[in-house]
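Note that the chains take the letters A, B, C and D in the order they are written out, and that residue 1 is the start of every chain.
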Amino acid sequence: MKNSDAKTSDEIVREAEAWWKTEIIDIHPGKIAMRGYPIEELIGAISFPQMIWLMVRGDLPTAEQSSLLEAALVAAVDHGPQAPSIAISRMAVTCGVELNNAMASAINVLAGIHGGAGQQCMELYADAARRMEQGATLEDAVEAALDAYIAENGKVIPGFGHRFHPIDPRSGKLLELVEAARAKGVVGGLYSRIGQQVEAILERRKGKRIPMNIDGATAVIYAELGFAPELGRGLFILSRSVGILAHAWEQSQQGGRIKGPMPKSIPYTYAGPARRAVPEVK
Amino acid sequence: MKNSDAKTSDEIVREAEAWWKTEIIDIHPGKIAMRGYPIEELIGAISFPQMIWLMVRGDLPTAEQSSLLEAALVAAVDHGPQAPSIAISRMAVTCGVELNNAMASAINVLAGIHGGAGQQCMELYADAARRMEQGATLEDAVEAALDAYIAENGKVIPGFGHRFHPIDPRSGKLLELVEAARAKGVVGGLYSRIGQQVEAILERRKGKRIPMNIDGATAVIYAELGFAPELGRGLFILSRSVGILAHAWEQSQQGGRIKGPMPKSIPYTYAGPARRAVPEVK
Amino acid sequence: MKNSDAKTSDEIVREAEAWWKTEIIDIHPGKIAMRGYPIEELIGAISFPQMIWLMVRGDLPTAEQSSLLEAALVAAVDHGPQAPSIAISRMAVTCGVELNNAMASAINVLAGIHGGAGQQCMELYADAARRMEQGATLEDAVEAALDAYIAENGKVIPGFGHRFHPIDPRSGKLLELVEAARAKGVVGGLYSRIGQQVEAILERRKGKRIPMNIDGATAVIYAELGFAPELGRGLFILSRSVGILAHAWEQSQQGGRIKGPMPKSIPYTYAGPARRAVPEVK
Amino acid sequence: MKNSDAKTSDEIVREAEAWWKTEIIDIHPGKIAMRGYPIEELIGAISFPQMIWLMVRGDLPTAEQSSLLEAALVAAVDHGPQAPSIAISRMAVTCGVELNNAMASAINVLAGIHGGAGQQCMELYADAARRMEQGATLEDAVEAALDAYIAENGKVIPGFGHRFHPIDPRSGKLLELVEAARAKGVVGGLYSRIGQQVEAILERRKGKRIPMNIDGATAVIYAELGFAPELGRGLFILSRSVGILAHAWEQSQQGGRIKGPMPKSIPYTYAGPARRAVPEVK
C-alpha cells in the first residue's frame, strides 16, 4: 500500500514516532519509569492499589486514600457461578482454552448491564453533585437527578436493590469505612450523603427500603476518591478479574469437558416451526 | 523509547515497511486486489465459499470443490443453547454487550476441546495417509495411526461418537456428497476411506458402533480438499459463527438482563469450608 | 445458594426448561432441525449465504436474494494489515494464541466506529424511508434524515467517503448488482435511491463528491433485502471474519514472536513527567 | 431437546444442583462468604493481594508473604505501547468498544509467548527442584533441568535475557526482596538459588551474561510462595491488566478513530501475485 503523498523518510519517521503517545510509561534500555517514578523505587515501596491509582491517574494516593480504594477492590471480587461472567470463565475452561482466554471471554461481558451499574451510579451521583454546586439543596439535587435518570433510562436505579440479597452485607461495611475516612478528613463525604439520600428518596417513593447495594457503595468510594465514572467500571473489572481467575482455575482443577450452562437432562425450549421439508431454492 | 542503535530515517522506514508483510491483499488508492484479483471482478462472480478458499489458500477452487466446502460450512452452523459457545453468546447479550462482543466471547472458546475435534481428526487422518505413502496398507496405516493417537492423547477419538446423537444425521449426508464428488473425480477419496476405516476399527475394538460424527465428516471433506488441519478449525469457526450470531440476535430480541447459566431457583453446590472468622493477618 | 422460595422439583424443572428458549434449532437424539428444516436436507441443498439468512431470519431466501447477499459478503472480507482488526489478529498470533483466540480478539473490535458504519448507515436510510412512508418526497426525506443524523452524531456520515480510497472500487460494482436485481424485481430499489440521494446531497453541500463507500453500498443491499440494522453489523462480522482468519493463518505461517504494532526502531512518544523520586506514601 | 433417559424431577434437580460446584464462594440471601470468611469481615481487614491469595488458594497469607506477592504484582503492570497487549487495548478503544471489551481483547493475547514466560520459567524451576528432592545437587539439578527444557522447547530460556533491556531494573529489586524475606524465614530461598544458578549456567555456556528478567524474578517469587505455574500466568494477568486499563483509558481521553498499528504513511509490504483477471469458476 503506497500513499500518494510524497513524504520524506524524516517526515515519515516523525509521524510514526508520534503515532503512539503516552504519559504513563517511559522505557529506555535498562530504565523503566511509571509516571516518572523509576520502577525499581516503586517495587516494594507502594502497594498494589497505590500502583493501580498511579497508573490510571498519574499521581500517588495517600495511604488512607489507598486503604479506601483497597476496601472497594476487595469487596467486589466475586458473585458466584450464577453470575454470567463467572459461569463463562468456568465454561470456557472446559472448552480447552487457557486462563488468559477464559478471563478474556468473561471480562468481555462486564458491560453496561452486568458490570456497568457502578459507573451509571457514579454518573447519577455526579449529576446530583453538579446540581448542588449550582445551588440546589441535597434533597432537591438528588430528587432532580433521580427524575432525570429515570426519564432517560427507566425505573431501575443502578446501585440500589438486589435481585438476591435483601440487604447487601458488603454495602454497610463499605459505608462505615467511608464514614471513618470522612471523620479523618480523607474524603469530603459529599457522595456518601448523596448515596444515602438516594436511598431515602427511593424508600419514600416505593414505600419499602431499596437498600444501597455493592455497586452503589463502591460508587460512593470511587466518587469520593475522585475517579471518573468510566474508571469506576475499570476498577470493578480489576476486582472481579480475581474471582474470574479463581473460578477458572478451580474449574481447570475439577476437569470437565465442554460443560454447557445446564446439565443435558434439562432440555431447552424449542419454540420454532415444526419439522418441515426444504423447498427448492436453487 | 529510544533504541540505542543509530539508524537513519531511510533505514527505519524500510524496516517499518517490512514490518507487516502479506500475500493476501494489495491496496492502493481506489484499487483493492485479493490474491491478485481485483475485488470488483470478484464481487458477483465468485461465491462466498470460493472467497473463503481464495483468502486462506491463495487460489480459486473449482465449482465442484467449492460445493463440497459449502456443504461442510452449512452443516456445522449450530448445536443449540447447551453448547458452551452458543450459551456464552446469549449470556453475553444479556450483560449489555453488542453483537461483535458477544460473538468474540463465544468464538474465543472454540478451542481444543470444544472446536478442535475436527482439527485433531484431520491430524489423525493425515498420520494414516503418511503411513500409506510409506507403503502401509489402509488397514495397517489406520490401525497404527489410531494406536499412536491413543498413546499420546488418550482413548477419546476426535470425530467419532457423540454424547448426544446415537447417529449424527449430518455425517451420512456429508459422506454421500464426498462419494459423489469422488465419483466425478473432484476428490481422490483417500480420506473418506481412512475415515471409514477408523470407524470399522473402532467398532471391532469396542464391540459396538462408534459412528463418525460431524467433526469426523467435515474433517474428511477438508482433508480431501487439501486444507491444513489448523484451517479445519478456522473453517469450523466461520461456520459456527453463523449460529453464534443467530442466537445472539435472537436473545437480544427476547430481552433478559444478566442471564446466568441456570435459573436462580437451582442453587449451585458450595463445597468449601463452613463460615469462619477472619484471623489477624495484618 | 438457596433461594428462600420453596419450590417443588417439578416447578424447578419447568422453570429450568424455559430458561433457554429458541426458535432456531431443535435437537433430539439423532435429529437436528434448523428453523424446522432437517439438517440433512439442508446440507448440499442450500448455499452458505442461504443458511446464514435462514439462521438469522427464519425463512429461506430465493436464489436471487441470496446472490445479492452473497455479493455483499464477498465484498467486505478484508481491508489489510493497517485495519485494527486485521492487525490485532496478526499480533495475537505472535503472542502464542490459537486461531479461535486471535479471531475473537479481532472480531471484538468490530464495534461502533470500526465495524458499525454499515449499521449506522442502515439506520440513516431507514429514517429516510420512514419519512417517505409518511409522505415526504425522496429529496425532502433524505435531507431531513441527514440533518437529524448530523444533529445527533456530528458531521461524519457513515457509509460515505473514505480516508484512503478516492473512489471505492467495491461500491460501484455492488450498486450495479442492486440495479440488476431491481430490474428483475428481486428488490424494490428504494434504499438504492435513498443512498444515491445521500451522495447527491453531500456533493451539493460540500462542493465535492463524497462517494458512497463499501459500508454505504452493503447497507443498501442489506436494507433492500430487509435485514435489521444490527444484523447489518452481524453480516459484516461474518464477512470480515474471513480476512481475519486468513491473516491470522498467514501470520502463523510466517512465524514471529510478540510482534508489536511497529518495529522497535520506531520509538513511541513519552509525554509524561520527567523522572522523579518516589515520595513516602506508606 | 429431550434426553432419552427418563429421569424424575427430583433427580434432575439434584443433577442440576451439582452442575456447578465451588469451594470459593458461598451465597445465601444477605450472606456472602469467601472460602468461609464472611465478606463483611474481610473488607477493610485484608489487603487486595491477600484477597487474591485467598481466592485462588483458599487460605490467607501472612503479611510478609502478602508483601512479597504485592511486590511482584506491582512490578509487572506495564511494558508500554509496543507490547502487543497494550497496543491492542489502545487500538480497540479507537474502534469504539468500551473499557471491558478493550481489556478482554488485550488480556486474551497474554498467551504462551507473550504472557507465558513466567509460567514456563516456574516449570523449569520446579523441574530442578524435583531433581534436587531426588538427591541431585543444585548445580546438577539445574544443569539437567535446563538440558531437558532445551531438548523439548529450543534454546530460548523463559525468564532470562530481554530483547530490549541489557539489565532489567525490576529483577534486581525483586530478588533483593526475596533475599530479605528469606533472611526473615518468610520463604525458603530454594527457587531464588535455582534461578541464580540458571543465570550462572547460561553465562558459562554462552560466554556472556543473560540476566534474569522480570519473568524469571516473579517466577522466583511465585514459586517461593507456593503458587502453581499456571497461577503464575494468572497473577501476571491480574498485574498487567492494570497497565491495559490505564492505556485504554488514556487512549479514550486522547480520542482517535480506527487507529491502526502504524500511520498510513508507512505502507505494508504486499508480496503476493501481481494483479490478474478472475477466471471463470462458476
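Just so it is clear, contacts are C-beta pairs under 8 Å (C-beta built on N, C-alpha and C of every residue); 3 or more make two chains touch, one makes a residue touch a chain.
As the structure is a prediction and not an experimental result, all values here were calculated from the model.
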item	value
Chain located farthest away, centre of chain D as origin (C-alpha)	C
Whole-Å separation of chain centres (CA-atom averages), chain B against chain C	21
Distance from chain D to chain B - Cα centre to Cα centre, in angstrom	27
Averaged-CA centre spacing for the pair chain D and chain C, given as whole angstrom	33
Junction residues of chain C, two or more chains touched	1-3, 12-13, 16, 19-27, 29, 38, 42, 46-47, 80-82, 87, 97, 101, 104-105, 108-112, 115, 164, 259, 261-262, 264, 266-268, 270
Touch-based graph of the chains, sorted into line, ring, star, complete or other	complete
Chain C partner contacts - residues on chain D that touch it in the complex	1-4, 8-10, 12-13, 16, 26-29, 80-85, 87-88, 91-92, 94-97, 101, 104-106, 108-116, 163-164, 257-262, 264, 266, 268
Contacting residues of chain B [partner chain C, same complex]	1-3, 5, 7, 11-12, 15-16, 19-25, 27, 29-32, 34, 38-40, 42-44, 46-49, 51-52, 55-56, 67, 70-71, 73-75, 77-82, 87, 90, 98-101, 103-105, 107-112, 115, 164-170, 172-174, 176-177, 230-231, 233-234, 237-238, 241-243, 245-250, 252, 254, 259, 262-268, 270
Chain B to chain D touching residues, read off their complex	1, 13, 16-27, 33, 35-38, 41-42, 45-47, 50, 58, 60-63, 66, 80, 82, 97, 101, 104-105, 108, 261-262, 266-279, 281-282
